[in-house]
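Below are the structure tokens for one structure; questions will follow.
By letter and in written order, the chains are A, B and C; residue numbering begins at 1 in each of them.
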Amino acid sequence: MQHEAALNARAGHSAAAGPGREGPYKNYVLGAAYDEMFAANGTVRAHYAQLDSRLTTLAPEELHRRQQACELSFLHQGITFTVYSDKQATERIIPTDLLPRIVTAAEWGRIEAGLKQRILALNHFLRDIYSDGRVLKDGVIPRSMIYGSRHYRREMRGLQVPHGAYVNVCGTDLVRREDGQFVVLEDNLRVPSGVSYMLANRDVVRRAFPNLFRAMGVRPIEQYPRELLAALRALTPFQHDASIAVLTPGVFNSAYFEHAFLARQMGVELVEGRDLLVNDNVVYARTTSGLKRIDVIYRRIDDDFIDPLAFRDESSLGVPGLFNAYRAGSVVIANALGTGVADDKAIYAYVPRLIRYYLSEEPILDSVETFLCREPKSLSHVLANLDRLVVKAVGESGGYGMLVGPHASKAEREAFAEKLKADPENYIAQPTIQLSTAPTFVDGGVEARHVDLRPFVLHGEETVIVPGALTRVALKRGSLVVNSSQGGGSKDTWVLSN
Amino acid sequence: MFFSIRHVTRFRYSATVRESVMELRMQPRSEGPQALRSFQLNTNPRAQLYAYTDHFGNAVYHFNVLRAHEELRIEAQSVIEISHRVPLPDAVDELEWERYNSYNLTDDHFDLLEPSRFAFGSPALDRFMIEKGLENPQGDPLTALKGLNRTIHDAFGYEVGITQVHSPINHALEERRGVCQDFAHVMIAIARRWGIPARYVSGYLHHGPQNQDRSQADATHAWVEVYLPSLGWVGFDPTNDVPAGERHIRAAIGRDYADVPPTRGTFKGIAESELAIAVAVEPTQAPIRHEDFLRVACPMSSPPPTPSMPERLYHQQQQQQ
Amino acid sequence: MLSRVADSMYWMSRYLERAEHTARLIAVKLESMIEQSREDADSSWWRVVAALAAEEVGPRDAFAITQNLAFEPANPSSLLSCLRNARDNARQVREQLSLEVWENLNRLYLKLQPMTMEAIWVHHPARLFREALQDLHTLGGVTYSTLSHGEAWYFLELGRHIERAQLISRLLDLHFGRSATEVVAEAPKYFDWLVLLKFCSAFEPYCKAYTAAIRPEKIAEFLLFDAEFPHSVRFSVERVCAALLHVAPGAPPGRRAAVERLAGRLKASVDFTQIEELMSGSIAPFLGDISRQCEQIHDAVYASYIAYGAETVL
């Protein structure tokens, strides 16, 4: 669950007085960010009212007890990631905060419509750039951005994918701006992860607050594995008889538990590259009873490593000849190869244009304003405003090659400006954003912490978005870094039915 | 005129291997003055062959062999017909440089102007260009390219064994010696610097008795094609300081060697592989030569298949008894 | 199930059985040393070392030998090495195992991993090994009750019992085999027979079957042919045959036949041979033959279900 956007709080806004209540909220501080629960004047938003009354009647020890039960439950289900060193194998859980993040039916309706629109446009885009390239001929996107992208796979040109659905599973990160609107921060179209936490969180939080859950009419999400299975089945003519496998890089991958979890929930085989072989363009798994043909592969291995014949030849994680079988149509791979070009940071800025171009519609969900430094006017704006912008290198991830303007020293900004001027095509810039805050348990009380929202979109024959999401929370006060490896946790997300 | 080409590739393994998977780019292209009249491919052990056309329009064959084997032999036999080529003019006008604009350059040219895996800029290339006065092309593009062809030919010695199949361009630049693969990469890198789309051609060269070619007769060959808006794609052979002509038989084109290796594959097992190649290009009246000329070559045009993971796991487990 | 997963389950189980055997041999030997003369105690270590397929390193010094057999990382059959290998295999197939199985195995390994001889040697050194044995028994119980008895579980059974049959045969060979009987100095004494029974946790069951009179021939009969005692070769072979019926359910009959035939042949020889036939000198070849047949069964399982050439099934 990589989230390299370390967006920073805008300096200068005073920490307004908390909602002014006694009891659990005494340390709850409202800032410039939109708060999910409290309006600016300290009143509780309508959809949080029932949670509020529950909290004020719950004793802190009880909360603590439920939190511990939650952690134990995660351990028991194996929803952990294992940190390996030579001597130890310690299982860690990503902390879950028990307080659900609540989204109204109306808000969700808009999110859902916006995500459907987005994935439709992105699939059109992928189909286009891997065939005629109309979008390039019409000058909507510069050629060099596509051809120069590391993730553009020329091998995919002319290859047919079932239902034209290149992206079958997408995790889109949304944040809520200061004005209360949800905006898209980034799409994850390659091997998005986190859905197992979405499901696990629901499980524990529903048991922690069963009455509240029932009373509020929260929409169910446990059908996700069934929906995923249905989406995968729809990609092949074999449908219910299709032989499906989840392809994992192996036990040392940090998301391994999710691969195993999903395979188990769907009732399909979990395989590694070394379990598979390709003979005469057909993919088989090596089982004790003989070779078993595989029709659909839900792959959690990146393009680069999936086939040493077609791509990186040092890879021992992949299956030689897999791409040729894919090209021949004898196996379906979900997500298709080459989708990474569409979740490139630079392409992100063009997505609104793509929505207009392919769908003749206005984007329902806004994107964060993005300056492409390859454009001279944008570059000068960025250079003039470095102290207020977050600048990211297009090709990098994990927080490398990034400048957080408000946080950096003058010297750092000047050094970065030189890098920008030397290679402007490689950088984009965005204004800093205050992620919204949500009530979170801290030391026996409830405090405001920044959160984001990652719903999961399934797209096979049709688009299905399970009414829920992984809400990630920055557990450190004031921090906007929701990344699990840097002090982040997660929450259950309650989408209300009315 | 007609040429017949026989290209034999033999992999020998130091131990039994299994599950070989191999891709081949050996079928001569059929376009322009070159037409493919027949093509046959045989493998030993026998395998079902599959084919597709890659994004450069190259015909790619592939197959796999599951069972245990110690040798893999691939024989490609083709007959092509070469029509008379219009000879290159001595020069084009200076305005040709202006014609490298977005109107004339299309999507396909984009990749051929960018650095690629083997043909890329570096301090060693910069030094070479400065030394040979190549930072700026002299005259019109065609003249400059002819000069570049000659300069590279004169600056580098032809020697097998100095560079390897995966050698980066710097290796040859430092040694000033190499083989056709290296010369082609250098020329491509410089042409692209000049803003001229350039691509790598893998194929065969007929060495006639009167030709003064440096390159090996019994091996595949590599040269360069560059794009001139007035003339289209023009071929140059920097190894032999000639333009690509009626003796040059094109098999595959790409950005550089990485896109067009004649063979590329994997196998399972713990073994070393030894590669032997034989190539015979003859006008069809001549009889086909026998295999006794097969010799073990440094793998300069075909990398040995890469051993993939596998067997290792099982062996170790059993030995733990 | 995937061949790779079967391989890991099988080897995890073999290593755990080996670890249990090792822990028990060391514990029993250390405890029995108290009742022997110094000479006898030192001289009979060789059997333990040989039983555990370790090399004799240096002097017959209980401290050094125990160190080698228990903790030496360079010894692939040391207790710690066995546990490490078992754990490595387990984590490759973590999702096949229950949380209880994984936690027990992991905890046991982490407990033993930092142990040193110095820490345990002074006070009651056998205790650590008794505890390890206890933990391994717990692990066995948890494996039995928290995993479904499907194909994966039967690969665990297969591994455990092929290993056990070989370990017991080897142990018997060191007491009844050529070197044991022909070289007088090395011939087992009364006390050694007692210890042998304890090596197999067989003392009380033996007494129930034969009374407390320790007679070598009866010991051999018990450990080879008793149908009910879990640490007899016959019992282990019967479990191997039963497990083979449940693995690779989808494999074609021809493929299964190769493996089942070998297992059946071994079963017949332990079901129908009588101890009287063996006591006139042919026990050593018989034991060697059992070991060999176990290896053949292992090879056949691999050739049919795990490491088969893909071309043979298409």
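In the analysis below, a residue touches a chain if its C-beta (ideal position, glycine included) is under 8 Å from a C-beta of that chain, and two chains touch if they have at least 3 such contacts.
What you see is a predicted model; the values in this text were computed from it and never measured.
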* Structure fact -> By Cα centroid distance, the chain farthest from subunit C is B
* **Chain nearest the overall C-alpha centroid of the shown protein atoms** => A
* Asked: Just curious, how far off is subunit C from subunit B if you go by their C-alpha centres, in Å?
  -> 59
* Inter-chain centre distance, subunit A versus subunit C - centres from mean C-alpha coordinates, in Å -> 50
* Structure fact -> Between subunit A and subunit B, the Cα-mean centres are separated in Å by 43
* To do: Specify, in ascending order, the residues of subunit C that touch 2 or more different other chains.
  => 4, 306, 310, 314
* Give me the residues of subunit A that touch two or more other chains. => 274, 277, 279
* Which subunit B residues reach two or more other chains? -> 19, 66, 313
* Asked: Mind pulling up the subunit A residues that touch subunit B in the complex?
  -> 133, 136, 143-144, 147-148, 154-155, 157-158, 273-274, 277-281, 308-309, 313-314, 316, 320-321, 324, 327-328
* Would you mind writing out the residues of subunit C in touch with subunit B in their complex? => 4, 7, 11, 15, 76, 85, 302, 306-307, 309-311, 314
* Complex contacts: residues of subunit B adjacent to subunit C -> 18-19, 66-68, 313-314, 317-318, 320
* **subunit A partner contacts - residues on subunit B that touch it in the complex** => 19, 21, 23, 48, 50, 52, 54-55, 62, 64, 66, 107, 110-111, 114, 264-266, 306, 308-310, 313
* Spell out the residues on subunit A that touch subunit C in their complex, using ranges where they run on. => 75-78, 82, 87-89, 251, 260, 263-264, 269-272, 274-275, 277, 279, 284-291
